[in-house]
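You will see two complexes here that share chain A, one where it goes with chain B and one where it goes with chain C.
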Partner chain A sequence: MARRAAILATFLAVFPSALAPACAAPAGMAPVPAGAFTPFFKMIPAKGQRGAEPRPIALKAFRLDRFPVTSAQFAAFLATNPQWRREAAPRLFVDPNYLRRWREGAPAAGEALAPVTNVSWFAAQAFCEARGGRLPTTDEWEYALADAGRGRDQVTRISLDWFARPNGARLGEVGQGAANGYGLSDMVGLVWEWTEDFSATGSGAEQRNTSSKDDAAFCGGGAAGVRDPADYPALMRYALRASLKARYTQDNLGFRCAGDE
Partner chain B sequence: MLRALLVAWAISFALSFPVMAHDHAAMAQAAPSGASLFNLPSHWTDQNGHALTLRDLAGKKSVVAMGYTSCPDICPLIVANMAAIEKAAQGRGLRFVFVTLDPKGDTPEKLKAYAEAHGLDPADWTLLAGNDKAVRDLAAVLGVRYRANGEGGFDHSALLTLLNENGEVVYQKPDMQVDPADFVAHVPH
Partner chain C sequence: MGRETILISLLASTMLTTAALAASREDNRAEPVVGEEQAVLTDAPNAPPAITRKTATKVVVHLEVKEVEGRLADGVRYTFWTFGGHVPGKFIRVREGDLVEMHLDNHPDNKMPHNIDLHAVNGQGGGAAASLTAPGHSSVFSFKATNPGLFVYHCATAPVAMHVANGMYGLILVEPKEGLPHADREYYVMQGDFYTKGANGEQGLQPFSMEKAIQEKPDYVVFNGSVGAMTGDKAITGNVGETVRLFIGDGGPNLTSSFHVIGQIFDSVYAEGNMSTPTKNVQTTMVPAGGSAIADFKLTVPGTFILVDHSLTRAFNKGALGMFKSVGPEDKLVYSGKTEDQVYLPEGAGVRVADAPAAVAPVAQNKAERIKAGEAVFANNCSACHQPNGAGVPDAFPPLAKSDYLKNDKAKIVQTVTGGLSGKLKVNGKAFDGVMPAWDLPDEDIANVLTYVYNSWGNGGGEVTPADVKAHRAVRKAAAE
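Our next item is the complex of A and B:
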C-alpha cells in the first residue's frame, strides 16, 4: 500500500495535469467578479430593538476553484506535507474520522477524482495555504453560488434532490454537472464545503448568555432572523456551518480553495 | 543506622532540586501532546511588546478568553469573571490570558492601557495580539465563534477556557454565569 501511495505521489508530481477531472472542463480557479452581496442573516439587534434588515456588502473580485478539491489532489498534498497524514495529524486539528477511509496516504480505490471528504477545517486550510490560497469566506462562497441571480431555481432543485438522497451513497466524481455562470461546478449536490469563517454563523447574541431570555437570542437563532425564510437550502447550509467545529470531519464535507485577484 | 538514613535523605533532597529544574525545562521544551494548544505555531505580541508563542505559556495553568478592548458590554464581564477567578484561586499559580479579536485596533499599547485601567496584575495577566490568521486559528481550537458586526466591533462567544501546564483544555465555561469557586474546583492539582 505504501508503494501505491508513492507511485501515486510521483505520478502526480510528474503529471500535475492528471489532477484535472476526467471531464474536459479546464482545471484551476475561475475568476469571480467584484459585486454586492446581501448577507443571509439580519443584523443582531441591540437589546429591545428589532433586527435590522441586512445591507448589501461589497465584495472584491476573487478566484475560486472550479471544482471541489479531489482526493487525488489531497494525496499529492499529503506526499509533501506528511504531518497532515491520518496517523500524524494532531488531534487538536482533526477528529477520529479524519481521512477514515484512507490508508498509507492514499484514498480508497476508485475515489481519486471524487471530492476529498472527512477533512477538518484545519486540514482544508493547510491544503489551500500550501497552494498559496485560502478558504473562501462564507460571503464569497454564497456570492459565487448566487451566480448573479442566474439559475437560482436550478440551485434549489439540485439542493432539494440532494437532500432527498439517502446518506451512504458513494460520492461521484467532480465536474459531472454543468458549471454556473462563473464557471464553477458542484457548488451544491455533491458535498458540503468548508468556508474560512464558518464559525461566524452562530456567533450572535445567543452565544453571549446561553440562559438569556432576550428576544434577540430567539430571533437570531430562527428563521425569523434571515433574509428569505423560504430559501430552505440556504437555511440548511447556514445551519450546517453553525453545527460545525473546526476539527470535525464528515463523509460529505469537503472544500475548495479561493485566492485574491 | 539512623545516621545513614539521614545522610541518604539529605543527599536525595539536595539532588532533587536540579532534577526538578531539569524536568521543568524539559517539559517546556518537550513536544506537545496531540491535544495541546501548543501545536499552534502562531506568533503573538503581549501588552509589553514582547514576542511570544503559545508554548511560552507552558509550565503554568492558564485561564484563556477572547474579546477586544473597545467591546462595550460582554468583554468587561469576561474580564471581571476572570478577575473573580483570580481572587478565588489565590495561591494556585494561575495565569490569565486575554486575547484580542481585534488585532488591528488593539495594539500592545492599547492592551497595556486596558490592563492598567482594569487593575490587572501584570505578574498574572498576559494580553495578546496576533495577526488575523493567528486569531482565527486560536478561536477555532477553542471553539470561540465570532464575526465582525459591521460597526467596528465583533459578535463573539463568551467562553472561558482552562488549560493545564501542557496547553491541554481541561475545562470550558461557555457563558457568563460563572461561579468563581466552581471554576477553581476544576483546576487540576
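Our next item is the complex of A and C:
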C-alpha cells in the first residue's frame, strides 16, 4: 500500500498537472515517519519547579499531502459538496472573504493549479474529511517542515524572501520549488497553511501548555516562551495561527490534508 | 522642633508629593468625556494641528496596516510594514484626559497578523494583547490618556523585532491640558534602522536580514523611512524669526539616536518626551529606541541645517541625514560667515622645510603602477567624501563610480582636481550644489589618482600622466596671465 502510494506520488511529482480534480485523494500524500518533536513553546513550570525547557514528544507516523490543496482540487470538492460554495456556505463557518475571487463554483482564471486560499478552517476540515483525511496537527505540520533537521537555513531564507515579496500578485502554482526530504513541497514560501489545532500553541497531552495564545503572539511573551527566539519565521507562523479564528479566511492562507498511517 | 517632628513632617511632605502625582493620573481618569471626534492623522514630516479644546473628548483613531513595497534608497526597494502606508506611521495627537478608541484595520492583501502597543497606554501589552489582528480583519479597544507625553507606538506581534525593523512604528502625542508653548512650525521626524540581505547600496528588492538584525548591524539608518526622505526638495523649512518644534522619535528596533542639528542649539528639549521639565540649551539629545524627545529652537539666521544621528558613520554612510532650510535675512552679529581667507605662514616654517630631507616620491613607471599608487592617494584625500567605493553621498558628494561627469575631456577633469569645483552640478542625473576644494598635490599624485579613478568602478579606463598635468598647469597659467 505504502509502496503503491509512493509510486503514485512520484508520478505526481513528475506530472503535477495530474493533480487535477479527477485524481484520487490520498495518492498525493507522502509518508512521514514516526519521530520525536520538540515543541516550539516552553512549558509553564508547576509551582516550585524550574526547568521550562520543552521536552521532546513522540509523534506517530502519518501521511501528509505533498502539495497544498489546489483550486482545481477544491473546485472538484465543491461540485459534490455544493453546500460549501461561496454562495451557500453559512456565515457561521466562513467570513465574508470566503472564496472571494471565485465565481459560480470556479476559481479565477489561470489559478487552477495555485493553492486554494480564502478558505476557512471549517471548509478545509470538510474538504479533508471528504477525502477520508484530516488537517495535520500543528506539531505534525511543524515536524514535517523541520524535515529531521535538513535544510533549516533554506526554510528561513525562503520564508524571509516570501515576506519581502510584494502583496497582491497572483499566487504561483504548487510544485515549482524542490521537495524536502519527506517529499513535501511548498511548506513555506507560497501560502500559510491551516492546522487542526491552530488556536492552541503547542498543546499536547503530555505537556502543560505554556502561554495563552495571546501571550505567545506578542512582544516579550513571544521571545521569552519559545525554544529558539532567533527563528523569526517560526514565530511568524505561530503568531499568524494565534491571530486566526476558525471562520476566518485570508488571501495567503491555504491548507493541505493529513492521514493516519 | 524635635527629631520626631522633623521626621514626621518629612514623611508628610513625601506623602503629599506622591498624592499629588497619583491624583493627576486619577484626575485624568475621572475627567468627563464630552462629545466625539475623528483623529486628524498626518504622515511625516507633518504633525497634526495643536489641540485647542478645553475638555476631554472621545477620539476615534483608524490605523490601517499595509504591507507595501517602496523605496529605501536610490534603486533599493523594500517591503515595508506600515501603520497607514508610510514609515513612520501616522502621527496621532490627543489631549490629556481624552478617551481614545483605537481601530486597527489589517488590510486583506497583507500576509501577516499585526497588533499595536502604544506606550501611552496603561494596560497589558499597551494594547497589543487586545489588538492582534489577522489580515482582512479589524480590532477595536480604547484607553484613557492619563499621562501626558510624546509616546512611541509600534507593532508587537512576534517576532516583534522584525515587525519594527520593517517600519511598524510611529508617535502619539498626549498633549498636556494647558497645551505646549506656541511654535510656528511643528515637524515629525522618526529614526529607524534597516537590515537588508544585500549590503548598503545593493540594488533591487531587498529582503530583511534576520542575521544582521540579531547582530544589530544595520545597512541603513534613516529618518522618516528612507535615505533622502528629508533632503533636497524634501527638506523641512522655516523662516528666520519663527520658532520650530521637532517631534523626534526613534523606532529602532535597535539603535539609540544621538540626535543633533548641525548649526542649531535647541533652546528647549523635552527629554524622553516628558512634558514637565524642559532642559535648556542642548546640543545633542539622546533618543532611545522606543523613545522620543521634543526639541524647540528659534531660527535666527538663514542657512541649511543638517539633521543627523551624531553617531556619525550612520549619518555619513547609512543615511541618517535630513535637512532643515531656514530662509530670511542674515544677522551678521549672530553669525558673520567667512570674513577672511589668508595665507597662513607659521613662524619658522621655512626653516623646517629647509632642514627636512627632500622627500623622494616614488614614480610610477607604467599604468598598472599608476593605478596602484593612485589608490593610496585616493584613500588619503578623496575617499572621505566620494566614499571608498566611489559611490559618493546622495545630495552631498557626487559619485565617481560609473560617473557621466568623467566623460568630460581630460583637461576639465584635471582642472577639477587642481582648481576645485563649486556650485550647481549634475552627475548621473542627480543634482549637487557643493564645494570641492582645489587640491595642492604633486603632478605625479594627481596623475595617479585620476588614472585610478578612470580605471575603477565601471568607468571607461584611460590614463593621465604627470606630463598631462604639467601641460595643463602651463596652459592655465598662460591663460591667467
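Note that the second predicted complex is superposed on the first by the 208 of 261 C-alpha atoms of A that agree within 3 Å, B and C clash if a C-alpha of one lies under 4 Å from a C-alpha of the other, contacts with A are read in each partner's own complex, and residues count from 1 in each chain.
The rule we apply is simple: contacts are C-beta pairs under 8 Å (C-beta built on N, C-alpha and C of every residue); 3 or more make two chains touch, one makes a residue touch a chain.
These numbers were taken from a predicted model, which means no experiment stands behind them.
By the touch criterion defined above, A:165 lies against chain C but remains apart from chain B after alignment on the C-alpha atoms of chain A. The partner that reaches more residues of chain A, of the two candidates chain B and chain C, is C. In the superposition on chain A, A:116 makes contact with neither chain B nor chain C.
After overlaying the two complexes on the shared chain, residue contacts for A:93 are found with chain B alone; chain C is out of touch.
Of the two partner chains placed by superposition, only chain C is touched by A:244; chain B is not. Contacts of A:230 after superposition: chain C is touched, whereas chain B is not reached.
In the overlay built on the shared chain, the residue A:135 is in contact with neither chain B nor chain C.
In the superposition on chain A, A:72 makes contact with neither chain B nor chain C. Residue contacts after overlaying the shared chain place A:179 against neither chain B nor chain C. Put simply, chain A uses residues 245 to touch chain B in one complex and chain C in the other.
Those residues of chain C that touch chain A in the complex are listed here as 67-69, 78-79, 108-113, 115, 117, 125, 128-129, 132-137, 156-162, 197, 205-210, 214.
Contact residues of chain B toward chain A in the complex are 32, 34-37, 39-40, 74, 136-137, 139-141, 143-147, 149-150, 155-158, 174-177.
Here chain A touches chain C in the complex through residues 95, 97, 156, 160-168, 192, 214-219, 221-223, 226, 229-230, 232, 235-236, 238-240, 242-245, 248-252, going by the rule given at the top. Chain contact summary for the complex, chain A toward chain B: residues 43-44, 55, 57, 90-93, 121-122, 196-197, 199-205, 207-211, 245-247.
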